[in-house]
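Here subunit A shows up in two complexes: once beside subunit B, once beside subunit C.
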Partner chain A sequence: MSNLLSNMLSPGFFFSIFRISAPILYATLAAIVVEKAGFANIGLEGLMMFSALFGSLASYYSQSWLVGFLVALLVGVGMSLLMGFFAFQLETDIILVGIAVNLMGSGGTLFLCKIITDITEGKAMASTTGLITSKLCIPNINIPVIRSIPFIGRVLSGHSLLTYTAFLMCILTSIMLYRTSLGLNIRAVGENANAAASVGVSVLKIKYIAIAFSGLMSGFGGAFMSMSYAQGWSQDMVAGRGFIALAAQAMGGGECLGGMFSSLLFGFAQALGIKFSSVGLDSNLASPIPYAITIISLAIFGFVRISRAKKPKVAA
Partner chain B sequence: MMKRLLALTMAGILAVGMTACGGAPAVTDAPAAPAEGAAAAEEAAPAEEAAPAEEGKVYNVAYLVNGNLGDKSFFDSAKSGLDELEKAGRITCTTIEMGGTDEDQPRWASTLDEVSADGSYDLIICGTYQMPDYLKEAATNYPDQKYAIFDDTTYVGESPNVVNLSYRQNDMGYLIGTFAASMTTDTSVENINPDPVVGFVGGVDSPVINDFLLGFIEGAQAVNSDIKVDVRYTNDYVDTAIAKEYGLSMINDNKCDIVWGVAGNAGNGAAEAALETGKAWFIGVDSDQELTLSPDLAALTLTSGLKNIGNSLIWLFDEWDAGRTYWGQEVNLGIAEGGVGIVTDKNYDKYASDATKAAVSQAEADILSGKITVDSAIGDTSGKVEELKKAVQP
Partner chain C sequence: MTKKRQLIFSLVRGALAILIALLVAMLLIFISADGNSFGQRLSATAEAMKQLLVGPLFRINAQGIKFEGKRLADIFAAMIPTIFTGLSVCVMFAANQFNLGAEGGIMLGAFSSALVAIYVPLPKGLHALACILVGGAVTGVVMLIPALLKVKLNVSEMVCSLMLNYIIMYIIKYLMNTAYADKSKGQIQTYPFLNSSKIPALTQASIFTSSKLSWGIVIAALTVAAMGFFMYRSRWGYQIRMIGINQDFAKYSGMKVGFVIVLSQVLGGFLAGAGGGIEMLGRYPTFGWSALPGYGWTGITIAILAGNNPCFVPLAAFFLAYLGKGCDMMATYANVPTQLIAIVQGVIFLFFAAERFLSKYRQSLVVKTANEEIAAKMALAGGGGSLPQAGASGSQDSVKEGGKKDE
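Presenting the complex of A and B:
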């Protein structure tokens, strides 16, 4: 038990919370914005898979992480616009489009990886892990002054560039939603599309912007997965983070700050599970900890919301 | 609200579906008895004690690669074994590369069918988890044709003309355990700390993975009875990031300086943890991962536990020559048959001390001579894996 505490009070523990939270936070922001625009994008997982694959491939072929990163963003946006085309123009149910993207994100990426790289499968599934070296990964940033502060420096400094931008994006997204006319339009379309249309807002355009934004965030998340968190893409490597983000979005009440805290809560829970396993807790008990905490928090959140909603009625 | 609920439900269903797909293939009981040198073959109960094949028979073999050669892994390993047999004048081998993309898959079935219909081959060899369905169909259509499939046990015994070659991971684990336990206190090597703690990142807490683990712990304990083994499971075979988190925790919290990754692609996360901390080494599994990982990660991969596909094919022909055949069975090949081993060149040669190398070859010799029998976690219900894990918990 003392071991557990000392492991938990190490800077490494707090450092890992941010690292684990970052990709979930990206996907959560994606989920928040589309939800504000009045629909759900459950294809985040698949979008992240595509971005992760193409980011790592572009990084390898160009020998530049920056190119890889930009391609990851581009692929995220491109794929999401395609989703939008199917959902808004061809009027496919957006949930079905999301499922399709998720399925393609699992099998289709493997297919593309094999076609593009000619890597075949002897034992392991084809992956780009053999192609990506440290210098093709997104760099870690040491923050000049903060790094020298004891403890805090080791928690806050030295993260991947994309970990910092995740929290930055959280602030920017919040500003976008509440301080710009675009944000107002997105929320208006989400609240009542017909009302928004009646005052001259192009609902279609706003929906496209919202889904493209979710693709952009998925691009960030995918690039983080394959070019920072792990070196290179391998099949199903996003491993459900795109789905956890949907829960984080709901848990955070659909707001950026709430979403950030839910992502951090999930990161904390995951880090906690890992520390528990470091002192010998059975992995079958340790690994569900993040999910259990998510479910419990969702339940508490739901309960609080229901009881809040009931109060005015009682007063009346 | 309805829509959101639907979305979440769908998400849940998908998530469950995806985890379910990540599972390891089912494993059947190996008919082969514990390896005991040359006696192993008899104990594996050959299906037919046919009269020894005519002296110096040259087998006509077709090797169908469901991918391309040059994978530095199973396909190349099988090819090297067949090349050796061909050079010795024991077989004539036709190798057909069928391509590895999903587009090529229809060709796998048609090629298998053509080669079977040809009828001129004594044996058709293929391998990996992608082939059993195609093979089963061909084996049913051509009951007189003999087939061998390596590293797959999906349909053991269902076709009386197919032999399934599988590999004894506990033997492999024992060698790796011996190696890791010898290395972990050799502080003359950089990044090695004095604490006798080694790590194991497994895929799922399942009999197959625990078979690797059991051998690993037994081998490590044989070298150093005070050894600690930090065991973590990623609970899937795909989440490299979580494997990396576990690796980081093992290295930072429990002072592991050598981590063996046995979790499919996710296992490489342990190598990335070693790279990031700069305080540990990685050991690969199945094929020589020094050849397939990126240069950064290969540089800190000390060795890999090997499934020697090539050797297992040579063994198969040795047995056939001796009149022992295993059609319709699974043969589980250990060190005695050359089916598993450890990479001993490159980084192993460079970093391992003479004492470490001696310990590994001694362990190999002891298993070969039957002095040591490595326990298996497959089919074990005594709970000894759990006990052992607790005993070595750092």
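Presenting the complex of A and C:
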């Protein structure tokens, strides 16, 4: 136990919390923006799988992480627009569209990986981990001044570029939602689509923008997963982060700052799980911790929300 | 719309969705096909498609095409777990509860049944029944978590059930590694099931022989009939469907909405769990699943294809099992990765769920029916007159159609 505690107080542990939180934060921001626009995108998991796969493949074939990164974003946005087409134009239940994307994201990505690597490699590969070298990963950044601060330097410096942009995106998304006319329109559409339409806002356009934004964030998250968190894509590597993000969105009250803290909480839970297994506890016992925390925290927040809603009635 | 036209519309729509999915599959196979020239690739694609469409039932070789009873038996065997998850999802989705826990549910049911099959000696016959009931009951109880959290605290049952899937998988893996591990074996598995618990194979006939096809398929068929009766002929089934269509209406007409929401999810959990038990005892000598089996997701596709109606679940399950077998055949004989099924399934799923897919065609059918009705009324009234365009009754009909979509 003391072993575990000393392990936890090391800078490496805090470093890993930020690293693990980053992809969850991207997906959480995606969930927040679509929720503000009045619907739910549960296909984040599948979107991240596709972005992760195509990002790593593009980075390998072009031998440039930047191309891979951009392709990951493009795939995320493109697929989310397709989801939007089905949901808004063909009036498919958005939840079902999400389930379909997740279905394809789990087995379909493996199929695509096999046929794409087969064409050029001669033998089908079930993952791209052999293709991605550290040179093809998103680079890590050492921050000049902070790096030299004793403890904090080792926690905050040396992260992947995309870890920093995750937290930057959190601020930018908040500004976008509350300081721009686009954000106002998104929130208006989510609050009352008819009212927004009556003052000349194109509801359809705003919904497309919102879902494209969620695709963009999934692209970031997917690129991070296959080109920084792990070297290369492997099956089911996103491992429920797209779903955890839905919980983080709900737990954070649908706001960016709250979403960031709940992402960090999940990052903490996952980092704790890894530490558990490093001190000899069965990893199968540690792995479910973040999922269990999700349910428990959702229950707590649900309880708080309901008792808050009841209070004024009692007063009256 | 008349019933006949409604049926025609459903058939055309379904056929077109399948056709689009097959075209997508063909395109993907073509891209991945071996061969340098266009012609070579085309013939490789044709070969693969033949395996996909005909392979599940027939052996194709130089001598021609020959029916294979074993492959049909394999398809029926593959339907056993997916019929149960399909029914499970039907019940939950019909109440508008997007509980995605059938995936973890079937694994939990299979595991709990396995434990009873290994450690609780009971007389033959009774033993299998006890295993299945325990599997179903354990899963039903676990589904109380998302159901009660939804009803009491308004927590999304979708997120909750997804998280439960992972928790169930990891805990079962942990238990398989520790308390219930058969350490004498190289791979991770439990001790073998007692013989008294096994569900016997359906038939020993040589033409239809398949060790995988158990009496479970008969239990599945009976369950389908029971669920069809439950959903469309019983009070609780009616309440589940009404809550799914309009929860506020159901509430104000005096239904206990909370109870019925819990009921639908617990029943869904029971079905998934029992299905897991039946699959386990009919097919395997010991429990060795180390990951979620994927039947829950297939169950969701089946429920969408069946329109949440239990009676259509076997058809949808057969169709998906057929496709799955086709993809296996393609992987064996045409070198196309078997995961193609995920993409085909996803595309069919999307088009089946798309409300406005072919809506113009439906509209034209509605207008046509209305015009015919008006013409018939005119003729009945004796007044010849010119045929009016879709008049009062026609537009009423389309309003009804429109109203349906809004729900």
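Here is the rule we go by: the second predicted complex is superposed on the first by the 307 of 316 C-alpha atoms of A that agree within 3 Å, B and C clash if a C-alpha of one lies under 4 Å from a C-alpha of the other, contacts with A are read in each partner's own complex, and residues count from 1 in each chain.
Basically, contacts are C-beta pairs under 8 Å (C-beta built on N, C-alpha and C of every residue); 3 or more make two chains touch, one makes a residue touch a chain.
Predicted model, so just to flag it, every value in this text is computed and none were measured.
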Fit-or-clash call for subunit B and subunit C when the two complexes are aligned on subunit A: clash
First, second, both or neither for A:S278, with subunit B first and subunit C second: first
Subunit B versus subunit C as contact partner of A:L172, first or second or both or neither: neither
Touching partner for A:A247 - first (subunit B), second (subunit C), both, neither: both
Touching partner for A:I306 - first (subunit B), second (subunit C), both, neither: second
Subunit B versus subunit C as contact partner of A:D118, first or second or both or neither: both
Which partner, subunit B or subunit C, touches more subunit A residues: B
Touched partner set for A:L66, first subunit B, second subunit C, both or neither: neither
Partner chain in contact with A:I149 - subunit B first, subunit C second, else both or neither: neither
Partner chain(s) touched by A:F86 [first = subunit B, second = subunit C, both, neither]: second
Partner chain in contact with A:A100 - subunit B first, subunit C second, else both or neither: second
Identified clashing stretch of subunit C versus subunit B [289-297, 343-351, 379-387 or 397-405]: 289-297
Subunit B and subunit C contact sites that coincide on subunit A, given as residue numbers: 42, 95, 99, 102, 106, 111, 114-115, 118-119, 124, 240, 243, 246-247, 250, 282, 284, 287
Residues of subunit A that touch subunit B when the two form their complex: 3, 7, 10, 12, 16, 20, 23, 35, 39-40, 42, 45, 95, 98-99, 102, 106, 111, 114-115, 118-127, 129-134, 225, 229-232, 234-237, 239-240, 243, 246-247, 250, 270-271, 274-275, 277-278, 280, 282-284, 287
Contact set on subunit B toward subunit A in their complex: 3-4, 6-8, 10-12, 14-15, 18-19, 21-22, 67-68, 71, 73-76, 99-103, 128, 130, 151, 205, 230-233, 235-236, 238-242, 244-246, 248-250, 252-254, 264-266, 268-269, 272, 275, 286-287, 292-297, 307, 390, 393-394
Touch list for subunit C against partner subunit A, complex: 28, 31-32, 98, 100, 145, 149, 153-156, 158-160, 162-164, 166-167, 170-171, 173-174, 177-178, 294, 297, 300-301, 304, 336-337, 339-343, 345-346, 349-350, 353-357, 405
Touching residues on subunit A, where the partner in the complex is subunit C: 42, 86, 89-93, 95-97, 99-104, 106-108, 110-111, 114-115, 118-119, 124, 240, 243-244, 246-247, 250, 282, 284-285, 287-288, 291-292, 294-295, 298-299, 302-303, 305-306
